[in-house]
Amino acid sequence: MVVTTSIESPAAATNTTRLARRRRGTFAADKLWALAFVTPYVAVFVAFVIYPIGYGLWLGSDPASYRSLFSDPVYPRTVVNTLLYLLFGVNLKLLLALLLSGFFMRKGWWTKILLLIFMLPWAVPALPSYLSINWMLNGQWGLINNIIWHVAQVDGPPWLDSHYFALGSVIYGHIWKWLPFWTLIFLAGRMAISLELYEAADVDGASLVQKFTHVTLPLMAGMYLVCTMLSTIWALGDFNAVRFISGGGPALSTHVLATLGIRNAFELGDPQLGMATVLTALPLLIPLVILLMRQLRRSEVTI
Amino acid sequence: MTARRRSRALNRVGVWLLSSVLLIWTLLPIYNIIRVSMQEKEEVLSTSVFPVAPSPHAFEVVFRQTFWLLETFWNQMGNSFFIGIAVALLTLTIGTLTSFTISRMRIRNGWMLTNAALLTYVIPMSFLAIPFYGIMGKYGLTNNPIAVIAVEVTFATPYAIFIFQQYSASIPFELDEAARIDGASPPQIFFRIYLPLMAPALVAIGTYALLLSWNEYLYAFLLLSGGKVVTVPVTLGKFLVGDEAPWNYLMAAAIIYAIPPLLIYYGVRRKMHGGLTMGGVKG
Amino acid sequence: MKRMTRRQTLVGASAAAAAGTGLMPRRATAAGELTVWWTQGFYKAENDAVIAWMADWEKRNNTKVNLTIMNGPDVITKLIAGMQVGDVPDVVHTVTGDRFLVPRAAWNDQLEDVSDVVDSQKAEFTETALLSARLYNVKQKKYSYYGVPTKGSSLMNSVWLPLLQEVGFAATDMPGTQDKFYDFFQTVQDKLRSKGKRIFGLGYSMAAKEADAGNLFHQFLVSYGGVGIVTPDGKLNIDDPAVRKAAITSLERLTTPFKKGYVPPGAINWGDVDNNNAFFAKQIVMTPNATISIAAAQMDKPDLYYKEIITRGVPLGNDGKPVASVLAIAPTIIPKGSKNVDGAKAMLRDFIQPANLNAYLKETRARYLPVMASIVKTDPYWTDPKDPHRQVAVDMGLTQPTVPWWMSYNPAYSAVLSEQVWPQAEANITQRNMNPEQATDEAAKRIKQLFEQYQK
């Protein structure tokens, strides 16, 4: 995470400015070396970023694809799901992460061990975890409903068999998998806040809540915003959670754009339609990317 | 009881409560993997909460590759390793070279590269899956692990470049200059000064790239086929199609697959968190 | 540490170089090679049979065969993607391709005409098999054979005898006509429930994914008289009162038991394997399933195979007359762009020699049916009176009347199936409280849109 690092190493700022001042006078031989050094990345960028983007835009440029996309009753549902997924998945996750990062600031062996365990979901590969969550939530044989049955002798809710429950389950899976990562990011952010600020607040007799709202929050607001945008973009492209937890079911009611795109391309056999499906996320994606790139660039130089 | 003591007791109860919630939240799906992996095939479809007669049978099947879907399991583990290590090495190579050029050699249009990396960083990976497939066909790379390696390197490198740039800012410029006065060429500076001092960042990014490729399903599924070529996640996905439901084998294979990244992560965790920050695995 | 990193970098650089050279050559199939994609079987023996046959053919013909065995959905996905970029194998055997891909690929001129291969055994193939393989190519404005019929399957009903016996019924108590047959299992469930058993009577697949739910709905549609939904000349006939009524009745008959709790709630999410699982776990008394795979999976347990699991074919119509089974024919195709069409055709011609085809099909444990009547007549395996399941399947799929899926009349119907229009209509009833008439109208609207995209 770029942001975090920037907060952590103020040295970077001074170095960068000094660096900028010296940005002149490279020898010809050095230029050749520089060219040789950046060639691999430029090659990767052209071959695997520019070309696919161009090809994708070309694939998705047929208006007929959009006509057929908008006439598909699954599509509007998918758009709503995508928005709900982003709204709840991203915000709940980041809010929890922000609060939990405060908890993990506590000292003591127990917190350290807890943090180790807490990181597990992030270290376990995505696919096994999502398959496990899918099976755990199975209405007939899942662990959760088995527990409910043993405790209360009633059938648990049909986690994956009704639209809202299934969408909720997918969001739960997403949060479960990514909460540790964002908690860690915020934890690093908090650690960068000078302890003196808190000590000063203590002297003024501030309560826990006051310290949070008056010290932590203002200092971390910028970072929180960037994280929200970044997380939104990544969640927009999250294919695995939906694919393996709900599979888009029941009755194609929990697809998001990323999974519907793949379905339209490879199950319905229409790659152009699939590309058109993902491209309809551009009105959301482009402003986010512009904002985020501006934020990231700025934070890199200034903080 | 004084107010202070009461609040400390309350505090302790709060920590205890929150800790238990966190433990249950974190461990439930993981317990479920272990639970199912220790059940017998028939028992998987039952309403038990604990395995009735826990047995390592499923692990044995996976180890010996005696179930037909797992016939080439170790081969596939090998593929996952090969791809993961190749991705890590290539990401390190390309990332260090690029960041060295941008931040140490002060090239004029370095900002363009930074922007290119930023752009790649913020594109949702799965959105490019459809054109990627087509392009790999045009490069003649379908069903070739190189295609998957290329995709993952593409998406891992931007992050590597950022971290390297950040990290190298803390390496004093005077070192480069001294070497220059001694007549060192850029490659010599790169190998003798830059790389050794970047070691912690290299470990972190190497781990990050490895985890990224270990997590990848969609591209491996689309770009690879055939039991000998695919990676383990692709096979795990295949279990969902068939006339049987050997979920115990599936989960046992999943556990074995999860062990290497766990070991690596917990092994280099300090290095990853310290100095740098933690590498994010792009979703 | 220093040396270490340098070595790492060197390795990385050489890996990069290796990757770079790997970029150069295009995967080319030499003239003497064949790339084959085969849909994986449900039993190891089935795959082994294919592998062995290919190896043998390779030797006999001095042609290298690159065989890849993949699961059903993967084959379709990869083929779609491969066709998009013109990087295709030479021979593809698909199981669900007849529904989801092949008719549209033929329409778009993406498949080789394999009439000469089919003609080499034309007298042997059944009428439905030939009808299924005959598809329309809109670019060349002609009907022709674009797939080689390989194996067939139709809907079967698997029933647990012990569960019937538990509430005092025998196998002979199962009624023979459509409504009575399926209603009977509601009675069984009621009786089981009164004994405190939490078992569902009917295992209807109702998910908008994969093939099972579509199989079930369309067999119901035919059983209720809706076979004319698409006419043989490719016209959509969904507004025909008889067809509309059949669709409404089918939807009503499938969703009402679900709403009343005679079908497990999870059925709305069942993949093709899940009704089998529910059956094996004795969660359901019966389940309709394409092919006799449920019984065949238990072949090594004689008690289950011979005594406890009963296979019933499609019930008679409510009027007591036999109903045609909707017979799916798995095709083997040669995609356009194959670099060795002659070799591919030679291989297929050899593969569909009745003796070769029979040897392969037997390894499927009769999960799939022969597409040639002579195979069944000459090999007693298929009519073995001791086998309680195989003869039912053969009777339904070869002896009794069959109809092809409607994609062979118009590829638009393949889009109807891949979009899961009818299972979505079921969900509209069970989840969104539409009534069967509304759900039918909604489905009809979508189907008309899809047909508009396929005008000759």
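A, B and C are the chain letters, set down in written order, and residue numbers restart from 1 in every chain.
Operating definition for what follows: contacts are C-beta pairs under 8 Å (C-beta built on N, C-alpha and C of every residue); 3 or more make two chains touch, one makes a residue touch a chain.
Small disclaimer: the values here were computed from a predicted structure and weren't measured.
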Arrangement of touching chains [line / ring / star / complete / other]: complete
Higher-contact pair (C-beta pairs counted), B-C versus A-B: A-B
Distance between the centres, which are taken as Cα means, of chain C and chain A, whole angstrom: 39
Centre-of-Cα separation between chain C and chain B, whole angstrom: 37
Chain A and chain B, separation of their C-alpha mean positions in angstrom: 15
Residues of chain A touching at least two other chains: 40, 140-141, 265-266, 271
Numbers and ranges of chain C residues touching at least 2 other chains: 16, 73, 77, 81, 84, 271, 278, 281, 283
Junction residues of chain B - those touching two or more other chains: 45-46, 93-94, 133-135, 139, 150, 222
Partner chain B, residues of chain C touching it in the complex: 1-2, 5-6, 8-9, 11-13, 15-16, 19, 22-23, 25-27, 37, 42, 44, 47, 68-74, 77-78, 81-82, 84-87, 271-274, 276-278, 280-281, 283, 293-294, 297
Residue ranges of chain B in contact with chain A within the complex: 15, 18-19, 22-23, 25-33, 35-36, 44-49, 93-95, 97-98, 100-103, 105-108, 113-120, 122-135, 139, 150-151, 153-154, 157, 161-163, 166-167, 169-170, 173, 185-187, 190, 211, 214-215, 217-218, 222, 233, 236-237, 247, 250-251, 254-255, 257-258, 261-262, 265-266, 269, 273, 276-278, 280-283
Partner chain A, residues of chain C touching it in the complex: 16, 73, 76-77, 80-81, 84, 100-101, 104-105, 207-209, 264-266, 268-269, 271, 278, 281, 283, 415, 418-420, 423-424, 426-428, 431, 442, 446, 449, 453
Footprint of chain C on chain A - complex, ascending: 40, 68, 71-74, 138-141, 158, 160-163, 247-253, 265-269, 271
Residues of chain A touching chain B in the complex: 1-2, 4-6, 8-9, 11-12, 15-16, 18-19, 22-24, 26, 29-31, 33-34, 37-38, 40-42, 44-45, 47-49, 51-53, 55-56, 59, 100, 103, 106, 110, 114, 116-129, 131-133, 135-136, 140-141, 143, 146-147, 149-150, 176, 178, 181, 184-185, 188, 230, 233-240, 244, 258, 261-262, 265-266, 271, 274-275, 278, 281, 285, 288-289, 292-293, 296-297, 300
